[in-house]
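So that you can tell them apart, the chains are marked A, B, C, D and E in the order they are listed, and the count of residues begins at 1 in each.
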């Protein structure tokens, strides 16, 4: 039995990601495709399994969701149409939507600016890493 | 008009013996539920469904009528569903023309392998008809049980 | 008109004399100019009562079902619009072509006695007094003929016969329902529409057959009023030539042709233009199909 | 006055759980016409049936309603029960209170109420039933097998063995099918050709079997026992009777660019060719797309070298009709196209091959003479990666949702054969699951691992791409929690299998139903697995679902035995639920004739006598042996003269009334 | 033919060349690009979550405006294209999102994904035709060995983006051929460069960039082209030992069409 809190978290992730984790047949093709595999503490297939198991806290405690490149290779190649990238994003959102939990704080940006850095990199980072 | 609180629609489903009735059986054997408001009448083919039957159902108080047959091209009798498709299209358009809500009539193709589809079609149809409420435009009031 | 009637009579007499025909199916003079009635004329003597005037709107083709069973050939006067019904009846084997001599008669458009009642016809245009069906005239061409009598034809650009159907379609479902309820509730089940309809030619109508399960001699409630007319329209769908007789004869002036025209409009739109009775041996769209026909759900998409 | 008996089945707890069967039986007692109403645990059991029979006799029942499972399950059972008790079998109606009630409704009140309504509808219908007598129709004692692979060959051999004539229609120039392309067979590793070719020869030599190769079925009409089939035999441009199969023409043919279908296009063949050495018939065929003579009018070399004078450039397709009592579909399969799986690099590297191509590479009669070499450069490979489930178990829309069933075993076979013949080659297999349910199957797979040292990796490959002359295989190793990037010389894809594309058209012609994957549907998934729901049409081999050779052969035999059972009958009892025209009401309008798919309606001029009527009229007549009872005619008939026995207008309206009450 | 044009924020700042060359080339080719009025930044990242509504509004405003102006919206930056195209599909297919977005922006007529979103490359391929493009080339890029870099956003998810085969695309290669250049095929052309992570983790981005550039130069490329300012930045700025010139595809286009100098 999952703890009530875990169950809520699981429900939230499933709702906002609109992913049906039960469709996963645990083939591992997502993780076989992932270009950020080495950097991610938990790999795409683990996101699917851990959400299914309600093991959400571990995902929230990890920075794996910030290492995802959102390149959709996992989604593209999944034979069961599970779309793991949406789960990663849902976990990331759950993290940054908490007050004060922005991964990237606006005042940290100036330090990261370089001459050639395109506008979209900052926009994207703000959108992905903060609320 | 008095409306019962717990009002449930009456739905008549004509199912062809070869595909849709078998699909309904498969829905049952795979335990895919749909509301009990749906009562199925077995016909050999969707082309057996006479407009008279549909009007009769509405006359006797049905709130929705659905005709299910084999997918076009898969009719057990080769062409029956093609005729049914034309007949029902024209009939339903006529009923719509007469001001009958078009959600009360439907044609769906459900194969013997589509138990899940049968159930989802019926769930959806019941939902649609329930939202439309009681059929008051096409009914013979003599045939109605008095409201208690 | 006087001249045309004379030409018809002359030809009919000749054919009767030569024994090529046994009788004539035409119109008989009534008490007034505006009430000629369809009649069989078995002899030259009887033909003295023959008339062909501005009020001969009645379609004679259905009477040929009975005439087909009689001895010998019947000469029938067929206006251009009637010729469609005749073709349809021949296609359905209800009229024996061998037993019929088709005399194609010209038609200048027929008048509606209700519209002309108490009016001075010299005032206004002829168009104002025409039968509704003539306003959507299919043209001066006869689709079947053994012989043709020449004469004046209707010179009028036909109205869009689907205009009223479209107007109704544009209403809300409730408005449409109210419209039809208002119309159909006036039905007194006199069966005039059925009796005149050339497509309603069943030896026994389901509504008269106590074993059919749906028989009803008189409509007992709203539903039965609807039921009779929906089923009647469905039974003639794909076979109705849009001759307009149903509405013409309705004593309650119910626009029954708008039911038939709805089917015709839908058939034209969904399955390609089709005119019943255009020629003999056509295959009606309801006993035909294309594997690519539109799905009912798609055909019913849209407003309402 | 009708006397109806109602019998409510518990079906153990299947019905009695969610439906209060006693209340249903009780409620039915008060329905007018019902004189007896009872329940029993299993109505279909011997005891249940005797109860019905006793009740029929005791209460002089004129009609029976059984409230039970689907009529598709036991309608026939209970009809026979009624017949044994002296009641006309068509005086039985079934109320489906299991599949369409108890199995879908959890609430007992809801289920019970619905069961009562369904039972009332059945009573309303049965009150209007009339006793029907089944007619008979003759059986043509000849069978047609469509497809000449191992399934078709075995079916034909078994039918012929029972003494019946059977034709095999095969679309390619030779019979043999996919099995002829295989090298070895699992789990015994015997040579495929060695066990198949003797069967092919048997079929060719059997007097009862007519092999119609390079042909296809164009049209099917008729019905069980009496099918008429139009067959088109494509022009071979070679006289089958004269050609000796010497092969001289192939040696001389200058057009050598045709893709060799038998070798999966791995090499080329000449324009005139015999698909493979053991082809049956062993007769050449000219590919009109490649032949210079047929395309340009210049050449004619084969005609000159043919000492038998068999070449005929003017040959045309031959179309003929034959009659059959039974038809067997044995149309087989093909591997799926890999266009939607470009991540495996199939279209980008010649060294990525499908398993069937690998089969040809390993075959001594194949394009490499059985030498394992890379298609790109002919070099000996040192690392081979096999990828399983390529397009199988795929619900993303790119592949097939089902398990192709044979891939786990043939991949183990390939891995083992490679390791056995070339111990220097390392073999890796990426797998999702290894499925080995079959006799000696798991042992076989374990031998590949334990004895031959095949490296099985639990995980899936994300991408295969060339780098230098190697292929990089990037995939996951789920057991070790790693992402791998293996360097391979060859990659073999276990592509999913799908029904041969010709099956779809055939199914339409046969009016046999198909599932969403285009496999033929069986009449019952468990109890009638080799029959199609269309009477007289039977299923053999992979056209019904993925299966391996032993299963195919078993099913082929089963289909044959069903055919034999049919052909052994001189007459078939026909369905009496057919259309009937009431001449008193018929207008003779011919509308019904136009919609009849079977041509069962004809017209006669007839003197009609009825109350107040005596005249000669044109009226419709239905041939009950030809009518299949669809009812299309009944709705075109405006007067209601045409009605369907067993599903009459009045019966259906009675059901409508009962349901809407 | 007139097209609405959505340049996006980066094309107004760091990636001006991408925009400039695209406009001058389009003009030369007779394609009329009309920049939308008062467009707002698309956000650069497609918000995947079902409950993200506000983040989709700017894309929908652009789409709704384009609907008014003829119904075809051309994008250029890969990220903008990705975001706008997918938001458009949401508006077509996702009733939940459609209703809420329409409630927010309350347009004159509810927007339901009617606009057709075209990437500049699709404009060239599907509207103009590469054959036609080829005819307009005045300086064929003969002998130039160019590696097309797709990255992720143009192609995936293919079901939604629908531009090309996600595993073996050819639109950029065909484009290069039309310009007379020689496309270089290399397996990493559809692998992610890690641009998004560059701000967060340079090391991770560098690893990816090296793999891509290594793969391209192994195949003999002399330069890499892209449609994405973020990819261009990342490939050019965060490369380790492998280095190759990285250009916008529009720059080559303008060059081949002879309008590079004017631009």
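Keep in mind that, in the parts below, a contact is a pair of C-beta atoms (placed from the backbone, for glycine too) under 8 Å apart; a residue touches a chain by one contact, two chains touch by 3 or more.
Since we're looking at a predicted model, the values are computed, not measured.
**Q** Touching both subunit C and subunit D, which chains are there?
**A** B
**Q** Note the connected groups of chains, using the touch definition above, after excluding subunit C.
**A** No subunit C: one piece.
**Q** Stepping chain to touching chain, what's the minimum from subunit C to subunit E?
**A** Tracing touching chains, the least step count from subunit C to subunit E comes to 2.
**Q** Compare the CA centroid of subunit E with every other chain's and tell me the farthest one.
**A** Between subunit E and every other chain, the largest centroid distance is to C.
**Q** Which of the two pairs, B-C or B-D, is linked by more C-beta contacts?
**A** When the contacts at B-C and B-D are counted, B-D has more.
**Q** Can you check how far apart subunit A and subunit B are, centre to centre, with Cα atoms defining each centre and the answer in Å?
**A** Roughly 45 Å, centre to centre.
**Q** Once you find the CA centre of subunit B and the CA centre of subunit E, what distance in Å lies between them?
**A** 49
**Q** Round to the nearest whole Å and give the separation of the Cα centres of subunit A and subunit C.
**A** 72
**Q** Going through subunit D residue by residue, note those that touch at least 2 other chains and give them in order.
**A** 343, 397, 463, 595, 636, 649, 653
**Q** Where does subunit A touch two or more other chains at once, residue-wise?
**A** Within subunit A, residues 73 contact more than one other chain.
**Q** Provide the list of subunit B residues touching at least two other chains, using ranges where the numbers run on.
**A** If we look for residues of subunit B contacting two or more partner chains, we find 51-52, 56, 73, 79, 83, 87.
**Q** Let me make sure I understand the interfaces: which chain pairs count as touching?
**A** Every pair of chains in contact is listed here: A-D, A-E, B-C, B-D, C-D, D-E.
**Q** Which residues of subunit D touch subunit E once you look at their complex with the stated criterion?
**A** My answer: residues 339, 341-343, 345, 347-348, 397, 463, 465-468, 472.
**Q** Looking at the complex, which residues from subunit B come into contact with subunit C?
**A** Within the complex, subunit B contacts subunit C at residues 51-52, 55-56, 58-59, 72-73, 79, 82-83, 85-102, 106-107, 137-142.
**Q** Within the complex, which stretch of subunit A touches subunit D?
**A** Spelled out, the residues of subunit A in touch with subunit D are 23, 25-34, 37-38, 43, 45, 73, 77-81.
**Q** Help me check something: in the complex, which residues belonging to subunit E touch subunit A?
**A** These residues of subunit E touch subunit A: 8-10, 12-15, 41, 43-45, 47-52, 55, 77, 79, 151-152, 155-158, 166-167, 191-192, 194-201, 204, 208, 229-230, 232-233, 236-237.
**Q** Taking the complex as given, what residues does subunit D use to touch subunit C?
**A** Of all residues in subunit D, those touching subunit C are 584-591, 594-595, 603, 615, 617-618, 636, 638-640, 649-650, 653.
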